[in-house]
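After this come two complexes, each holding chain A, first together with chain B and then together with chain C.
Coming up: the complex of A and B.
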């Protein structure tokens, strides 16, 4: 048996010997206190999930919910062959990967900078967190205006600098990166906030010890801060992944999934099926499939980022 | 000292007895209120004021005397006076029927269909819903609307112009009250054409005098060419302002490039292009992806690649003098007068493809089948649609074409240009949009394809994909 396993075993035995069985009245109180939360979860989380699962086995029209037909796994079979769905899943994954690749390191770097007591830090923090308290629709409308092909701010700047103007949202190649930029700008403040909280929880003694050992700058971040923030990084990655999967507002406002499905993602595809094509059963099948895929992805991330390190 | 012996100022503000008393009183008041609402007529109502035209064309049962609320979902109109018109008419109606209350919900036009869909799916839709006529077949196919034949006078129904009556009816029954009728015309800035010495399209009341699309494009290209070097960039053609605006926002407008490339008396392929969907409304392949349809879309794409029209929506571009031409609904004429545009403007017939073509449809109100107050809802619609109220709307408020033939005879302006041209367009070359039970899906898919094509997608290939997608969606209605 390894040292770690022996230690775990000893802790378990000690816990078992000292554990006090809770009185029945305490369990009842606990049950009563938890019941409203459990009921809320069942009604508002589990209920819709089960409803979606059942709907995914039926052909249902949004306009006439009474006229539905059981079709078994036909919606899933159709989904597997639906190239637009797989294209939208591909876009989703590109968006997720792009966002993680840019947002997480950038948020970490910004958090390290903002953690220091430099001049202008308060202003920088306010600027970073401003998008968090701004409506997503307003953000999308403003960015849309800035991206306008002929009259937008970005093209005005590009034109003024003598470079050829860019189509941005009207180009299949540029639309997804353009939307990604909006997403990063919108969410990065939240990631920075979590990293800052993590940084401020690291005991000062760890840094003092590292400094005594002569570790500074990039090496300090690489070998001390980053390993200690592994759990924080996991939370940031999880949140960024989930937020990326459910991105909807900028796509709805700015591109409606176009041009030529270049920005159509899983959630917008689901929305289209339900609310544009009145195809509620098929949309439910998309929803269930996306949930399974996201859960799988998060499980992989959890495995890759797991750590026993504590301070 | 006993609390009751304390001076009033020292007594506790809320005692247990007072609290329980207040609770009891609240409960009793609530119960009385609920009973009054349930009984309907317990509370006194104001004395009714007679409506000038009564309830014509309403022919249904007597209206309830209970207190009820009628919920109306409609578009928010772009000009304040248009919304105020509704407020005024609702006030008149509730003055005549003081037991009725009207809850007026408005949303931008581009969001109207979706709002209506969600309200219907939620199971408690508004009693009255405004929709664009194009979508009526889908609401009827999904049992979302009530037939109005037993509630509205026969002569009123027979008075409705053909394209709209066709669209709003199913199996010979009328399902929506036609609020207005719309056709397209070519509005242009005569000053701009004169300034750049480009021949302007013909000002005529006869749609047959229309230029072809190609000739119109040549003029737009000349305009584009002539103003090179000018500081002020002016688009030859304003983008669509319908729906959310910009390319791909409105099949009602942009679908004409597809359908006018067809010919109802031509070859099989040309005929199908014109029809745009199979007779049962469930097949799009072979209708929207024909070589003629692709040619129509190639033309439309060229307007963007030649930089004759912008790739994004520009609100008010024509009215503000930032675009020379504007192919838009008949309402443009009155709006230009209301906005007092600062240039001379003229109206030409909508350009022609193989077929002289305009979609002819318009908004209409229907009574939701889930409504618990169908007679009252139909009576309100009848009041909104009576002759006096309609004449005000068409001549002073909005400027759209009436949807009833008799009103044209009573509005003298339809004997003069440009309104005569609009009436002639309606009579000679306006066709209803494709009638399909999957109307919403049909337009969403095609709008998306049209937008992609405008932004550079290959027309034939993109239309083929759209047709395939449509057939999958429409298969549910076979």
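Coming up: the complex of A and C.
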């Protein structure tokens, strides 16, 4: 039991013994303070979640909600045969894998570097975190032009170094990696932040002991810091995974899912089904599938990164 | 870490290399902003003229002009979008603070029948990714006749589960003796909340306010869905759909609009980093 809970308990016992019943006005005040939050969450978060679950079992058009029909698992059965859906899920998973493989190790390295308080730390921190407060739309607009075929900034740099220019977003082979790069640039700062918070929680005595043993540099990071940060690493991979499933803005602004569905992903597919084809039930089935998939991935990660280590 | 005053030569070299890497990181992450600003100050003809091949004129405007900024306000009605975003953000922040402070106070101070279940539901809500429930959320909003209204843009977010959580945490840090003393003096629950608890929540309120402001200003997918009327549209969607489809965008103007959409938050962030980052780290939420 935490001290906080103990204290709460003591207070409760004391009030109970003096047997003062809370006045009605007290209950009314609490109710008034709590009601807006409960109403908001029920109407705009939990309600829609339940509604999505129910809708995924129905055939219902966004244009006319009254004409709906219970179809059981038919939406899910149809999804299994929908090649575009498989394609978009494949892209989503590729994106997740690419993101985890690049962003997590890179963020760890950057956090270790920033934690050492070298010259330039403050500026680098500000630079890394700037995309966290920049909208996805602005980021997509900037990167869109940097990727421009023939005359974009990246091609100017490539041309300057003497290599052949690249098609980037207009090539079905390069479009997804290009979108992935934007995503990593956009929220690696977030992973770095969490790693930094984790690093600052490691007691200095651990490093002092390691230094006495002559462990430093890369080996220090690999064999001392990293194992101590397993729980932090888990949070970082969780967050990176969830964000990867949520990617929408760069795809909407830069590629519209193309070329040839090369950048279509789960959320973009769902958006199309709901708002272009008015296929509410089908879109809900995609949403539910995504929830299940994310939950499954997080469970696997939790198992892989499970730790009993404490410091 | 190793804070030995006399650094070995090897350590010094490593530190210098580390600083070099940090410099490279700074360049990579600030560069797109610099390029955006530079391009927004160029006449449209210059954006590509000096973009390729590479030269210093790619990164600095050789003939700086504010013409693009003037055009987006006079011809594209960008001022309207800006005003819409401002109204939405102000309403969203104020209401979020009111709603979350109230709920955070109740959850942080009182136990009653069902309070744990209720708080559990708040936590469940904080884990629902918006994208997954966006379609039913849109249906609810439409049935409430809130599409194409400001309220439709901010109301869904004011009951912010993460905000409630953050405020509850800091309510628990306020010493209980304070409100017990107030109660003995005969203060009502309401008065205790307003006069004793609220003043102690300032840092938490600032954090929640900042998170809500950044999220509100930057939201894209929700206004894209919930607003059809171009006059009601917010800044972020406006820049993404800036030019008529099928027509080549005028890049200088696009970048001017993007700069206007991005810079206010970047400037606020530079000054209030600490509060924003605390919220992001403790809540695992991104703007």
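As a working rule, the second predicted complex is superposed on the first by the 266 of 311 C-alpha atoms of A that agree within 3 Å, B and C clash if a C-alpha of one lies under 4 Å from a C-alpha of the other, contacts with A are read in each partner's own complex, and residues count from 1 in each chain.
Methods note: contacts are C-beta pairs under 8 Å (C-beta built on N, C-alpha and C of every residue); 3 or more make two chains touch, one makes a residue touch a chain.
Keep in mind that this is a model prediction, so the values were computed, not measured.
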Residue contacts with chain A in the superposition, chain B compared against chain C: C
First (chain B), second (chain C), both or neither touched by A:76: neither
Chain B versus chain C as contact partner of A:65, first or second or both or neither: both
Chain B versus chain C as contact partner of A:170, first or second or both or neither: first
Partner chain(s) touched by A:275 [first = chain B, second = chain C, both, neither]: both
Partner chain(s) touched by A:154 [first = chain B, second = chain C, both, neither]: neither
Which of chain B and chain C A:258 touches, first, second, both or neither: first
Touching partner for A:248 - first (chain B), second (chain C), both, neither: second
Footprint overlap on chain A, comparing chain B with chain C: 62, 65, 150-151, 275, 280
Residues on chain A engaged by chain B in the complex (per definition of touch): 59, 61-65, 67, 84, 148-151, 167, 170-172, 256-260, 272, 275-280
Chain A-facing residues of chain C, complex: 1-2, 14-15, 18-19, 21-23, 25-26, 28-30, 32-33, 35-36, 39, 48, 51-54, 58, 98-100, 102-103, 105-106, 110-112, 118, 121-122, 124-125, 128-141, 143, 155-159, 161, 164, 172, 176, 180, 188-190, 193, 214, 217-221, 224-225, 236-237, 239-240, 251, 254-255, 258, 261-262, 265-266, 268-270, 273, 276-277, 280-281, 284, 286-287
Residue ranges of chain B touching chain A (in the complex, touch as defined): 114, 117-118, 120-121, 123, 138-139, 142-144, 248, 310-312, 314, 438, 440-441, 444, 448, 451-452, 455-457, 462, 469, 473, 476
Residues of chain A touching chain C in the complex: 4, 7-8, 11-12, 25-26, 29-30, 32-34, 36-41, 43-49, 51-52, 55, 62, 65, 110, 113-116, 118-121, 123-124, 126-143, 145-146, 150-153, 155-157, 159-160, 185, 187, 189-190, 193-194, 197, 204, 207, 211, 216-217, 235, 239, 242-243, 245-246, 248-249, 252-253, 267, 270-271, 274-275, 280, 283-284, 287, 290-291, 294
